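What follows is a structure written as C-alpha cells; I'll ask about it next.
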Amino acid sequence: MRIVIKNGTVVTTEGVFSADVVIDGETITAVGANIAKDYEKTAQETVNAAGMYVLPGAIDPHTHIAMPFMGTSAQDDYKTGTIAAACGGVTCLVDFELQQKGESILGGIERKISWAEGKAAVDYSLHPAIMDPRPEIIDEVKKAIRDYGTPSFKVFFVYDFRVDDAVLIKLLAETKEHGGLVQLHAENPYIIQHMNEVLAKQGKLEPYYHAKSRPNIAEAEAVHRAITMTELTDSRIYIVHLSSMEGLAEIQTARDRGIAVYSETCPQYLLLNEDRYKEPDWNGAKYVMSPPLRTKESSDALWKGLRFGDVQVVSTDHCPFDFKGRKDMFGKEDYKKIPNGAPGVETLLMLLHSEGVVKGRISLRKMVDVLSTGTARMFGLTKKGSVTPGKDADLVVFNPNQKFVITQKKLHQNVDYTPYEGMEVTGMPSKVYSRGLKVAEWKNDHMEFTGETGRGRFVKRAPFEGF
Amino acid sequence: MRIVIKNGTVVTTEGVFSADVVIDGETITAVGANIAKDYEKTAQETVNAAGMYVLPGAIDPHTHIAMPFMGTSAQDDYKTGTIAAACGGVTCLVDFELQQKGESILGGIERKISWAEGKAAVDYSLHPAIMDPRPEIIDEVKKAIRDYGTPSFKVFFVYDFRVDDAVLIKLLAETKEHGGLVQLHAENPYIIQHMNEVLAKQGKLEPYYHAKSRPNIAEAEAVHRAITMTELTDSRIYIVHLSSMEGLAEIQTARDRGIAVYSETCPQYLLLNEDRYKEPDWNGAKYVMSPPLRTKESSDALWKGLRFGDVQVVSTDHCPFDFKGRKDMFGKEDYKKIPNGAPGVETLLMLLHSEGVVKGRISLRKMVDVLSTGTARMFGLTKKGSVTPGKDADLVVFNPNQKFVITQKKLHQNVDYTPYEGMEVTGMPSKVYSRGLKVAEWKNDHMEFTGETGRGRFVKRAPFEGF
Amino acid sequence: MRIVIKNGTVVTTEGVFSADVVIDGETITAVGANIAKDYEKTAQETVNAAGMYVLPGAIDPHTHIAMPFMGTSAQDDYKTGTIAAACGGVTCLVDFELQQKGESILGGIERKISWAEGKAAVDYSLHPAIMDPRPEIIDEVKKAIRDYGTPSFKVFFVYDFRVDDAVLIKLLAETKEHGGLVQLHAENPYIIQHMNEVLAKQGKLEPYYHAKSRPNIAEAEAVHRAITMTELTDSRIYIVHLSSMEGLAEIQTARDRGIAVYSETCPQYLLLNEDRYKEPDWNGAKYVMSPPLRTKESSDALWKGLRFGDVQVVSTDHCPFDFKGRKDMFGKEDYKKIPNGAPGVETLLMLLHSEGVVKGRISLRKMVDVLSTGTARMFGLTKKGSVTPGKDADLVVFNPNQKFVITQKKLHQNVDYTPYEGMEVTGMPSKVYSRGLKVAEWKNDHMEFTGETGRGRFVKRAPFEGF
Amino acid sequence: MRIVIKNGTVVTTEGVFSADVVIDGETITAVGANIAKDYEKTAQETVNAAGMYVLPGAIDPHTHIAMPFMGTSAQDDYKTGTIAAACGGVTCLVDFELQQKGESILGGIERKISWAEGKAAVDYSLHPAIMDPRPEIIDEVKKAIRDYGTPSFKVFFVYDFRVDDAVLIKLLAETKEHGGLVQLHAENPYIIQHMNEVLAKQGKLEPYYHAKSRPNIAEAEAVHRAITMTELTDSRIYIVHLSSMEGLAEIQTARDRGIAVYSETCPQYLLLNEDRYKEPDWNGAKYVMSPPLRTKESSDALWKGLRFGDVQVVSTDHCPFDFKGRKDMFGKEDYKKIPNGAPGVETLLMLLHSEGVVKGRISLRKMVDVLSTGTARMFGLTKKGSVTPGKDADLVVFNPNQKFVITQKKLHQNVDYTPYEGMEVTGMPSKVYSRGLKVAEWKNDHMEFTGETGRGRFVKRAPFEGF
C-alpha cells in the first residue's frame, strides 16, 4: 500500500523544508520537492498536509508500563499505555524491564515481551534494569546486546535494589566492550536517608518534604561519582531523568573534558516546580516522583542544556498512579509512603512543542532531535526517528496552530489525573502513523485512537554507535 | 536536465543510509530508497555510486581570495581559488571582503563581487570585514543583511585596523537587532606587542618565535572579553580560527552558562603543531599564520570540541603565499616580516575525512555537519549544505577508499607548497557537482577540473536564525 | 616615656591571649604574660585594660584626602581626615596621590606630602596613581620604590585618565623587577559607556541607574583581563575596592591556578546593597560611588572571600562629598553628574567588629588581619600592623561591649552625612595610640580627639615581599 | 627556672623580627626587643641565638606510633618515635589511636595513653580513628571532645574498616554539634579494587603498580563526596595526606563556594614522585604508602595549595617498616602484600625549610604556619605552636645555614631506611626545647637527644574553633 503525504513542511534536525513524502507499506521510500505528482497515481491514499508539519513520531525511552513498585503497580498496561502514546504522537516506547530477585535479565526480557503480546498499539523495545547484579548477570550483558537487541541497561544508585560503585564499574567496562550503554538513576541514598531522618524528627511529613528529602546535591553527587567511574573505564554513561542545575553542571564540566556523559530530562522538570507540592488538599502528592520537582533555576538550566546539546533526550518517566486509591493507599501521613510516579507519555509532544518551540526556548529542529532523531540514535533504533527514505513510516502530521486545553477527561492514560490539567497548548497531532498505519487522529476537540492493539512489535535495537 | 545518482550511501547529519538521489537542473528533487527505477528513464545521466558516499559539497566559510595583506596579496584569485576548491570537493566559499579605509562596506561588497565576475567556478558569498568602523558603517549593517545578503561581519581585535570593545558592543547590538552575526579574530594585541618586544630584546626572531609571540592566553583573553560583550548585549558571536585549548575552555564555560558563542577551527590547528616552526632551512615560515600553530594538547582539545559540539565549523583560513618569493620578500631575519597565511581550501575535505573519520576522531555524520550542514546553517546558506530535496545540487560522490599522497604538484592552489606535503590520505572525491554541473572528477591519480569558470554565482544569504 | 598596658587581651592573627604590653617611647618593646610587675615601676603611665582588647591600630590603605575629582574635591584634608581616622581607631592611612597631566609621579609625591605637612594627626604613606603614563613615568617606578618608599602604584581601567593593557603590562613587569605592586581600579569603560547610552535613551537617570550603568560583569571582565596580564608577566596585582561576586570568582579561579592576585573590599560592599539607591528624596545620591553597591549575593560572597583568604584587606575608599552642596552641585537630573564617593575612614573598625566579629562572619583574628596585619604586609608597612615587640606603638584599647549609634553629629569626618546613620554598633575604641601618644579616647558617648595635628609622619614603605 | 634566648630572629606567622624570648619554667613569658637585659640577671641560662631563628617547635599531627597494620606493626614506639621527633625539632605529636573491633573509642584512648606512659620524650595527643562505627560510638564523640580532649576523629573511605557515607554524615553532624572535626582518608575503594583486578589480570604486580592501582581520581572522587556531605550538614572536614592535584582542585572549588574543607599534605607528596617506584632491586617498596606518590604536576600543585592557603598543614604520616624484614615479610611478588608506610617524623622540619623556604617555594612565615601555628589552631593545641607569651616553651633555635646530608645512620627513627637518603638539606635545629627543657641539640654532624623519656605528657585539646 502506498500513501503520499503532500504539501507538508518536513522537519528534520537539519532543517525545515517543503516536501512530499512517499510511504510504501511500512516504510518511507521517498522525500522530494513536488514529487507527489510522480507517485499519486499509484497511491492508495493521498494526504494533503498543507499548513502542517510532517514530523517523525516521538519516541519515549523512559516508561514504566505495569511496573510493580512500592507495594503497588504503575497502572498503564501495554494496551492503555500504547494507545495513550499513539494519541500523543509517540510511536515508539522503550520501556523498562525490571529484573526480579533471582531472575536472569534475559528471562526478564522474555517475560515482559509476553506481557506486551497482543496488546501494544505502537512499537516498543525494552531496557533491562539490573536490580539483582549477581556476577552471572554481568555476563548476560553481551547476550542481551547481541541476541535480544537490548543494548541499554539501567541501574539505580538508590532504593533497596541499588548497585554500588563496584557493580557500576563492571557494567561500564562490560557495556563498553560489547556496544552497550549504562543508564543511571543518579541520587545518593545516604543523603536521602539522612534527610528522611532529619525531617521525621522535625515532624515534616507533608508532600512538600518529599522535595526537601532529596536535595539537588543528592543528584549532583551521584552524577559526579558516575562520571568518575566512566572516566576510569573510558566508557560512556546516560543519566536518566536529570532534574537539577547542579547535576547538569557536573555533566557539562565532564563533557568539556571529553567524557562521554549523556542525559535525558522530562517535561515535568522543565515545566513544573517544587511549589506544586504545596497545593492544597494533599494535591502535592500528584507530583511525588523521584527525583522531585526542583526550582525554576533548575528548569531554566535544563532548557539551556537542551539548547546547547548537553542534554540530548526528553523522555517522560511515565509511571501513573491514581490520585484517589493509589497515591493514598498507604495513608496521607508520610511523604515516604506515597507511590512515586506520574503520567506523561501522552502529553510529551504537545508540551515540548507548545512550551518549547512556540515559546522560543528551543527550535523546531531541536524538538525533533530530542524527541525522535537523537533518541533513536542514542538507543540504536535504526529504523526510527527521522523522515528519511528507508526509515519506518512512523510519522506525525502535526497542526502547529491547533489549540487544546489539557484535561485528563480527553486523554487516554489509565489514571485519574494529569499534572498539566487546565494548561492550554498550541499545536496538536492531526494524524499519527505507525509503520504506515494511521493509529490516531484529531477529531473535533480531542485525539481518537484509530489503530490496532497487538500490531505493535518488539524492536531489536543496534549496539551503541556513539552519539 | 535530470541526473540520477543511484546505489550510493547518502550521508546527512542524521544518518548514513542507502538511497538514490534525483537532480533536476540545479536542484536536488528527491531522495529515496530504490527510486532510481522511477526516474532513470527520464534522466539524461545516471551515475552509479555503489560503494561511494553521496555527501553535500563542503563549504569553506573562511578564505582570503586575492586579499591585500602585509605589503603583498594572497595569491589565489577567484579563478584559481575556486578551481582548487572544486577539486577539493568544496562547492561554496564565503570569502572575506576587507573594507578599505574610507570605504563603505556596501561598496566593498560590490567591489569584491566585481573581482569574482567571470572567474568563479563554484558559488560564493562574502563576509564584510569591518576595518574602518566609522559610525555610519554601523548603520550599513542592516542594509548589508537585508539587501546584500551578507549577514556576517568580521572584526579583528588585532592589527592596525583592529576594533576596540566599544565598536564590538555596537556591532553586537546592531547585528542582534537585524539578524546578523559578528565574527571575531580573537587575540589580544598588547600581549603580542609585549612579546614582540621581549623576543626582540633577546634576539629571538626565527619563525619559531612567531608562535611564542602570540601565546595561548592572548587568544583566551580576547575570547573571554568578547564573551562578556556578548553577554552584555544578549547577542551572539562567532570566533574564527580557534586554535588553543584555553580559548576553547572559555567558550565551553560560556556555553555552559547559556551564552551563544560559536566557533570554527581549521585543519592546521587540528593536525599541525608548533614543532613545525623548527623545520630546517627556514621551512617554518610556511606555517607562519595567526593565530600560530599550538601544541598537541590544543589539537586534542579542539577535536573534543568538535565531537561535543562546542566547535561547530571547520574552515581553512586559505591565504596562500609562495614560500619562495613571497614568504621571504621582506627578508628572513624577523618572523614579524613574514606574510601570515597558508593554503588550505583544496585539502579541507580529504584531511577531515582521513584524519578525522578514518582515524575515529569524529563520525562521518559529524564531518558532514562541520563541513557542510552546520556551516550552511551558521551562515544562512539556505540552499546549501545537505542532501535534501530542494537544496542546490552541490554534491560530492566520495570514494572512501581512494588513497592519495598529498603533493603540491597535483593540487590546483596557486602557490608553491602545501603544509601537508607527503601526507597520505584515505578517501577522495570521485565526482564533484556544483548546482548540477560536474565541476571536478578523479582521474587516475589526481583531481581534474571539469567545470566552467564564471558559472559560480554570488549567493545572498539569509539572516542568522540561531544555531 | 614608658607606658604599660596591663591585663588586656592581646589580639594577633595568631591568637587571642592575656598579656601585658610595654611601650617605650614610640615603640612596643615587650609583650608578656604578667610582665607588668617588671615594668610598672619604671613606667610613666599604666593603663588597666581589663576586659578590653589590645589591637594593632587599623590601617586604611585607600583614602582620597583632598582629591580633586569630577569638578570638585573630596572634602577631608589631612587635618580633618586624620582626626577622623584617629577617632575611628585608624592609626595609619595610605592615601592616593593622583599624578596630574604632565607631572612626574615623584613630583606628585612631594606635592602631596607638602599638603600633609603640619596637618596629619596619624602617620600616612602614599600610593602614586599613574594617570599620565608617559614612558618616562614607567622609569620612575624604581626610584619611587627605592628612594621614596612608595612601592604601590595605582592605575585605572576607567575614566579619562585610564590606562590600556600595554601600560598595565609594562607596569606589571617593572614593579615585579623592582619590588612594587600594581593596584587596579577594575571596571571596563566601554561597558559603562554602552550602558550610559542605553539608559540615557530610556530616560533612566535617577541615582539607581548609576548601579545599572556599571554592571557586575564590567568589574569581572576587567579583573579577568588584569589576571591575564599578571600571568603573562609572572607578576602580581592587587584589585582595589572589589565589589562583585563575579569579580571575586575570577580572583578565586586565578589563585587556584597559582596566580598572585590580591584584593581589598570595603565596608560599603560588605554591608550596603543597591536598594539604597532607591531611597526617597534623592537620598540614593549619598551612595553614588564606583564601583556601585551590589546585591546581597555579592556581599555574602565578599564575606566568604575574607573568611577563606581570597580577599586580604578591607579599606574604605574614603572620599566624602556633602550631600547638600556637593553631591548636587551639578544638578540632580543625571546620575552621571553626581560626584562619586562617600565617607568611611572613621567607621571602618567599628563596622568590621560589630557586623563582622559580633555577628560571627569573621573571627577576631581575621579582623585584625584584614584591618592591620595583612594590610601592613601587603604594603610594606614594616613597623605597623601588629602587637609585636619592635613595632610602632600604634594601638587600640578596644571595648568590645561599648554600644554606639552611628550618627554624623558625633563623627569627625568633614562631611554632612554618613551612609551608616542610625546603625547601632557593639564595640568601640576606648583609647587609641599613635606611636605611643594617645590620640583619641572614648568620652561618655563619643570619641574625642586627644592628639596633635602635625605629629603624623610620612612613612617610607618597604618593597613588596610577597603575601 | 628562667631561660633567656637573646639576639635571635623570632619567626611568627605575622613576621620575622629581632627579639629576646624569656622562658619561665615550662612557659614563654615575654617576647621583647632588647629585653634580655631586664631578665638575664634572674635567668639560670642565657642562650645567644645570634644568627639563628627562634621557631615554635613543629607539630606532627599524623603519626602511627606502634600501629598494628597489614599483619605487622609500625616500628616506632613512643620512646623511639618521640626521640626521633625531638631530634627533628618536632615537639608535639598528634598520634592516631585505632579503635579495635568491639572496642569503645574512649577505651582506645586510654589504652594508647598507657602505651605512651613512661616513654614519651615530647608532648602528644591522640586522634581516635573510628573503625567500628557502631551507633553507640557516635554517641561517644561528645565525651571524647569534652572529657578526653580529643576533638578530631579519623575515618577511612578505604580498607576493611572503612565507613560509608551514612556514617560520615552522622559523624559530621555530631562533631559540628560538639566542636569536633572529622579527618578523612579519602580514596574510593571500588576504584582501587577494580584496578587491582585489572593489574592482576595483566600480571602487573611490581611496586610501581601500587601507584597505578590508586589513580588520582580515586582520591578526587572521595574528596568530592566528602565535600558534598560537609555541605549537606553545614559542618567542616579535614582531608588527611592530600596527594593529588585533582583532589586539591576539588578542595579549591569547594572553598571558593564557602565550604569549610581543610587539608594536610606530607613532605613525600611535595618532594617525591612516582618514578621512585621504579628504583631497581625492589627499592620501590620503600615508598609503598597510601595514597601513593604522584607525578610532579601534583607536587607543584600542592606547593601552590600551601602558598595560597588551600592546604593548611604539613604532617608526615610517619609509619615506618624496615625495608629488610618487614616490607618483604609477605613476599616480593605482589605490591598488595607490602606493608604500607614510611618514616618521616624526624625529617619534617629540615625538609620543609630546605626544600620549601630555601628554594623559595614558601616563605619562612608560611613554614611556621603549616608546621606549627596553623596545626595548633586546627587541632585545638591552645598552648602550642607560636612564640607568644603564655604558650608552652616548645621552641627550636634553628640554624638556617647548617648543612646536613640526610642518612638513616644519623637519624633516630627506628627503621632501616629513609626515603631521603643522601639528600642534602640547608638548615638544621641547633637546640630544641620541650616545655623549657632542652630535648635535643646539634653536635658536630648530627642531632643528639638530650631530653628525658617519660616527661612528655598527654595534652588535652580544645574544641575546634574555626580556622
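By letter and in written order, the chains are A, B, C and D; residue numbering begins at 1 in each of them.
Heads up, the rule we're going with is that a contact is a pair of C-beta atoms (placed from the backbone, for glycine too) under 8 Å apart; a residue touches a chain by one contact, two chains touch by 3 or more.
What you see is a predicted model; the values in this text were computed from it and never measured.
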Shortest path length from subunit A to subunit C (each step joins two touching chains) | 2
When the contacting C-beta pairs are counted for B-C and for A-B, which pair yields the higher total?
-> A-B
Taking each chain's centre as its mean C-alpha position, how far apart are subunit B and subunit C in Å?
-> 53
Indicate the whole-number Å distance between the mean C-alpha point of subunit A and the mean C-alpha point of subunit B.
-> 39
Going by the touch rule set out above, which residues of subunit D reach two or more other chains?
-> none
Pairwise, the chains that touch are A-B, A-D, B-C, C-D
Residues on subunit D engaged by subunit C in the complex (per definition of touch) | 12-15, 17-19, 22, 27, 29-35, 38-39, 249, 252-253, 255-258, 301, 304, 307-310, 363, 373, 377, 386, 388-390, 465-466
Given the complex with subunit D, which residues does subunit A contribute to the contact?
-> 164-166, 169-170, 188, 190-191, 193-194, 215, 217, 220-221, 224-225, 228-229, 231-233
